[in-house]
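Both complexes shown next keep chain A, but they swap its partner, so chain B is in the first and chain C is in the second.
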Partner chain A sequence: MKTYKIISVTVLMLILSTTTNAQNLPLGQHIAEKTHERNEGISMKRKLTMALKDKRGKVRIRETISLRKYYGKEKRLAIFYETPRSVQGTAFLTYDYPNASVDDDQWLYMPALRKTRRISAANRGDYFLGTDLTYEDIKLETRISLDDYNYKTLGKEIIKGQACFIVEGTPKTKEIAKELGYGKVKFWIDAKIWMLRKAESWDVAQNHLKTIEITDVKQVQGIWTYHKIFVKNHKTGHETIFLNSDIDYQTNISDDTFTKEALVNGL
Partner chain B sequence: MFRTFSLVITVLLLCIKTNAQANRRKFKDAFKASLVALTDFSYEFKGNKMQKSEIVLKPRFEYHINHASKLVLIGQVYSELNDNLEPGKSKDYSASKFSRRLFIGDRTNLELRELYYHAKVGKNLRIMLGKQQIVWGETDGLKLLDVVNPQNFREFILDDFEDSRIPLWSAKSEFNILNIGVQLVWVPDNTYHIIPSFDAPFFTSSIFPKPPDGISTIIRRPKRPNRFLEDSDYGFKLSSFIKGWDVSVNYFYYYDDLPAFYNRLDLDNENGPSVIFTPEYERQHLIGGTLNKVIGSSTLRAELAYVFNQNFITTNPIISNGVQISNVYKSAFGVDYVKGEHVISAQLFSDVITDDISAYNRDRFETNTSLKLQQEMMNDNLTLDVLWGHNYNHGDGYIRPQVGYWMNSSVRLHLESSFFYGNENQLFGQFKDRNRVSLGFMWGL
Partner chain C sequence: MKTQNNTVVSFFNYVTSHHKVILFISAALIICSALFIPKMTKDTSYDAFLPKDDPILTFRNKTKEVFGLKDPMVIAIVNENGVFNTKTLKLVQELSDALKTVKGIDPDQITSLYTENNIVGTEDGLEVNPFYEIDELSNDKAKDVKHAINDFELYQGSLVSKDHTTTLILAEMLDTYDKKQHEVYKSLIKLLDTYQPNNSKLYLAGEGAVSGYLIKYIDEDAMKTNPFAAVVISIILIFAYRRLRGVVIPNIMVLASVGIALGTMAAFGVDFYVITNGLPVVLIAIAVADGIHILGEYYEATSMHPEFSQKELVMHTMVNMWRPIVITSITTIAGFLAVSASSYMPPMTYFGLFGALGVFAALVYAVFFIPSALMLVKPQTSKAYKSDQKVDRFGKIMEFVGVLVIKYPRVILAVAFLIILFGINGASKLEINEDRITNFQSDESIVKADAIINSKTDGTSYLDIYVETPENEDIFKPNNLQKIQDLQYYAETLPHVKGSISIVDFLKKMNQSLHENNPEYYKVPENKDLIAQYFLLYSASGDPTDFDNYVDYDYRLANIRLRMDTGKYEFEKPVVDAINSYLGNNFNSDTIKATTTGKVTVDAYWINRLGFNHFLGAGLALLVVLLVSALSFRSFSAGLLTIIPVSISVLFIYTVMGLLNIWLAVGTSMFAAIAIGIGVDFAVHTVDRLKFLLNDQGLPVKQAYSEFYKSAGRALLFNFLALALGFSVLMTSSVPPLSKFGFLVAVAVSVSFIGSMTLLPAIVLVSKPKFFNINK
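Moving on, here comes the complex of A and B:
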């Protein structure tokens, strides 16, 4: 009888605690907005290394220089491939517009053709240059979408020593789910610095699709910055590691870096 | 005294060492060297023989003089083991003496592919001086505006454009006026297309009329312009990005890279009656433009060119020098549809001779199409694609299925086949005996 009482009290306390927590937890949409308010600096130059590993353990390394600059709310990003030597000179440029209804503009320079090709940005669920992140994932970096999901805050959890809000996102429509390639996503957002720390995603048929882990987060020139993203695709067994180094928010990047001509001329 | 002296020397040595280390580090950061090695072997079905056995080394050196300028050098050692594509020691008569390859025996040549200085001057000017490639246009396969650099046709259209395009000594400057990008081009290098010789597998016989039996054909060495300023090519490109449209307007005043083949019948030739071709390079004006726009998952591309005073070998017997002149209008419309890892790319090319002339082996209106299907697989590890080009006037064309596979970060395997079909007197059909399968590797070091 005594044991029954203890269990009942414990369960009651747990229920009360959960309810209280749920009442205190910020709304998912609010958390999404907070991720977009984070300071990312006006411009940034970094070395971005991508390690692509297939399920048999074969690893391909891509080393790039990535440059990013904000023009108001419009973001421009240029990525120049340094290695492997056989694709050296390949370059990617994107203009990311703040209006969600306007597709981004993207160009890819292919040194083998010496031509810059315009690429459609409508397929935001397509995988980015052979990695396990989609174009949309790359665009958002460590933020979460403001427009695509209905959010529910599930609770709080410690990830790598940091308190994180757990937010579940369900695409607002079937079309959006199809576009993104996700039927459901669970995000772990750092409660202090509002940066994505971890994400689990499921495909449209609700099969477990991907795990994303963002680590080695530290301040660079006063700005919270991630240095490593690990992505595992559970369907294909393929993994990608993105490593950021030599990050500089104070470098002066001229506007003509973000032009088709700059892609041709290289860095 | 001695102690002070020793101390000064020690400090000096430390300074020198630190400086040397700093300089070494600075140089290491500023200097980049790389090497791409390629092998490519092709087996010709009809001839039952190796058509190509290439080994190519491409060293590249890049030195960043400061944050705004760099020097780039790309060399090439090219060796064709069975000396088939360019038999013998090519004299490169169509190339200026500054752009000729250095042949070592029949099979190997050394070439300075590119050597240029690139600098940003002030906030709004970029210059590029030296041997370089300047590429215009939006189309794949057939060229409309991509006429600044000539091409080596040793493999007709089968060689990669990067390898077949001949870099030229030239100057390019770029700057912006409001939101219009201006590119000015000056090309003093009088180098033109390298056309394979009679005995080469890809000799383009379809451009020359076949003389009647008993009459031979003699093609004289072309007269190549060689005045530095007067014979330079000049041009400009204006480009802009307006409300999602990429637009450019291009103009080029240049020598056509293919000479006008003036010809006459010589009945008194000591070797018997002959048709003698005396090729001469002629001036042309080209005006054109490009535009592209993304709509949903598709990119629409267009390229237009109007060429003034193009020379054609004529079938009109009244024309004494065998060549007629007409303006030519060329257009290309393309669409690239991308869905996931799949790409479908279709192009429609039209070519219209505007004047009433009798051009040899071509219609006044010519239509070509191309269709490319491509699929990336295994996170871009594996690429499958097939390209089909077809000429509607003459019913000839080609099909090229290809497979590319990254074996690791730096080695790519490449398997490809090329099939030409159609009448043997036509541009593509003439090479139907050259159908082949190729295997190649590319190493990046």
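Moving on, here comes the complex of A and C:
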């Protein structure tokens, strides 16, 4: 009995030592690619609630219906506001093009003005609709960039019960850093399903900027799906919680939904 | 009387028998208190003038908290050829970026042309973009920035002067640097020195800079005035006694008084304020007086009674002197406590309190330390006191004064009457005013910077108006926005209000931008939902914190910031009053309410109390002094007599202030109570000695007066010189309020001395009060 114990402990230690050995960790770039290979479905409809909290603890709740569809690598996203009442019917549409050098297209329909207004191409580092995520964060969601960072895999860690690779990214150039607003990032990628679970970021002056936590990950219609993102901005004290519910990958969303005209009519 | 004398004798017997222990304790006490002094923190902000729990101040702090408002460091870039060129715009960018790395500056709270966003309407939308990016800066781009500012009313006067020659960079400090503004100020000066643009000039001012520089400024001033005062006092002491111990002993008294007062302040965590800088000099001048009187008596006794043993000599001196010393100290303490009790403002309350403590320390050292120190050294005579009744030059001068008084008492009375008339007239015309920038000499660079920024831009004095509505998003109601706009229009008609900013200005700009930049739409939108949607639209490309200074997160509270180009109370007060009455008559209702706050409101509120506090303090000091002297002389008329010279001295000062156009301000408002407390000493000594000579010894008038002038008169002359010259040292201070305070007290003390030496004996001669038993 004793010998079995010794053998099993030794085997276990061997396994642990090989997996924690840096030489056996996957390369950061490989992990990044893996996050892009994950199945996200073609179209998705969900109820998206954004809770924004300022540093004094005051909260703004915005309930929306959010639609998303991939056209190859191009991503179209439409958000229809339901509350608060003053912005009910307001709708936001964005076309994210895969080529970073092509500006994304964005529109906002304002029912009180009965007009759709084009929004200037946002910088990738601009904040998305008053939240603590940037346009780039929203575009990538639970994936990590393929082109912006030089990666280094730091090790493995258990996050909320799931083994994750820790990847550190430094922007390839100063220009990229300035554009993104990040001087350094650290990602925790689920080693099993290749989904981003947690991220820490620092600004260009290396001040701790944000913590992002992606939780409530469950399979919905066979697709791994997160239900909550929590973001804390350490510099401003501002927080955002994104809550997803009623997620549906199966209903086919008509291409007409992602047009300026459709914004006016609402859902 | 006899039992009292016995008590006194046995007390000093005890003291002289334990002189070594007392000396040891005295030294230990000074050292222990002084050890706390390095712990002292300085507070030069204008908030310091109100107690921390004052409702006006707490409301202002709440407003600051809600809207994230700070008192910034303001850097002005002045280019007489205009700022819209690549060089100046590049300088704005370089400075804005460099400021982020300055310790103590909040890197996210820098406001300049480079950091702020422009709102532009495009054919089919709205763009929120920086005015310029550094890598696309060209001559054409510079012109674009100029047009953008011309189109953006909000930033005209606040970010760029209306004549385009000046642009501002505002930098806010981190809260953790609250009492270390001088460190940030120093780093900024250093930073600005590394930029020497050849076509423009850099200036640094603003409330943050004023507070920062003041800390440094009063430090340097203290390093200069305090040693100078000690030297002046020592020189007087050399003239008075021409003996080493005559210089050393009073100087140790000074150390004790100043050391214990400041050490206790530091130990109790009381901040050092701008006017506290005057306290050491004031205490130096006062603390030395007890020593002068005791040593005068000591040397007189050594020359009159060469047969006395060391102990007999010290006992004789102390038994004779304890009474006037205690009474004069109590009256001086009363003066300081009157300042403390009458003032609502912490800097003055503490000035009075710790001034009183310093004087008390001096009294304790006079009673315990001086006799102990004299026991340690052998009896000694002074060349100034000769045994054969000959008087020196100073004594002769005083004797001559006595002759004049006996000859012309009625002329003296007439002059006093005239001073009273002029003084009452002056008091009624006193001008209450204050301006923080006058804490510096007019040739200081910060004063010039302040003047340039105030003349070129909308100014750096802020009046905030806190607007409150009952429900979330109520600020969006067009009615409420209209009211805010009307209030702004009204405020901008008031003198010295140069500009105002509120959320309404941003909304009007957004409305115009979303209507193809049509100027007709530069107005408040008429639909509440539209306004909410504008903000959502803005958040699609703007920073979520852009409006933090103007509206709260629930859209329930708003802030209107008015800018004034002056920090003078006389201009601030009418504006606050006008806005308050406008709010009461035209603004406040069940659905919206506004309250004035901000630096201008705080100023108007506390300076308003200065006048009342001043007269209250003076009245209180007079009353206490009257009570103390009436009780100690056991005669009301004798008490009344003692306060005549000080009353006249204060009235005289009112005339001087009117003639020289000196404001009743923070520093100067304290003069009366303190001048009364100190100045009354001459009268106390005079009454005490005249009574002794006339009543107790029963000398004829002429002889009594001659005796009085050549002995007590001479000691009082040196006492007066020490006080007047000590306070004159404050006149060399580079902090104008302190130098004016020193000047006024020095003049008041002179008038009190002259009054006590002339008017008081003249009144005694003419009215022959029973107390002196003059006809005997």
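Following the convention adopted for this analysis, the second predicted complex is superposed on the first by the 246 of 267 C-alpha atoms of A that agree within 3 Å, B and C clash if a C-alpha of one lies under 4 Å from a C-alpha of the other, contacts with A are read in each partner's own complex, and residues count from 1 in each chain.
Keep in mind that, in the parts below, a contact is a pair of C-beta atoms (placed from the backbone, for glycine too) under 8 Å apart; a residue touches a chain by one contact, two chains touch by 3 or more.
Quick caveat, the model's predicted, so the values are computed rather than measured.
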First (chain B), second (chain C), both or neither touched by A:226: neither
Touched partner set for A:92, first chain B, second chain C, both or neither: second
First, second, both or neither for A:130, with chain B first and chain C second: both
Chain B versus chain C as contact partner of A:205, first or second or both or neither: second
Which of chain B and chain C A:108 touches, first, second, both or neither: second
Chain B versus chain C as contact partner of A:187, first or second or both or neither: neither
Which superposed partner A:249 touches (first chain B, second chain C, both, neither): neither
First (chain B), second (chain C), both or neither touched by A:118: both
Partner chain(s) touched by A:265 [first = chain B, second = chain C, both, neither]: first
Residues of chain A that lie at the interface with chain B and also at the interface with chain C: 52, 54, 58-60, 84-87, 111-113, 117-120, 122, 126-127, 129-131, 236, 238
Interface residues, chain C side, partner chain A - complex: 65-66, 100-101, 107-108, 122, 124-129, 473, 476, 514, 527-534, 536-537, 539-541, 543-545, 552-554
In the complex with chain B, residue positions of chain A that touch it: 52, 54, 58-62, 83-88, 103, 105, 111-115, 117-123, 126-127, 129-132, 236, 238, 254, 256, 259-261, 264-265
Parts of chain A lying in touch with chain C, wherever the complex brings them together: 52, 54, 56, 58-60, 81, 84-87, 90, 92, 106-108, 110-113, 116-120, 122, 126-127, 129-131, 205, 207, 235-236, 238
Chain A-touching residues of chain B, taken from the complex the two chains share: 34-36, 60, 118, 120, 123-124, 126, 128, 133, 135, 137-138, 140, 160-162, 165, 174, 176, 181, 183, 239, 241, 244, 246, 292-294, 296-299, 301, 336, 338-341, 376, 378-381, 406, 408-410, 412, 442-445
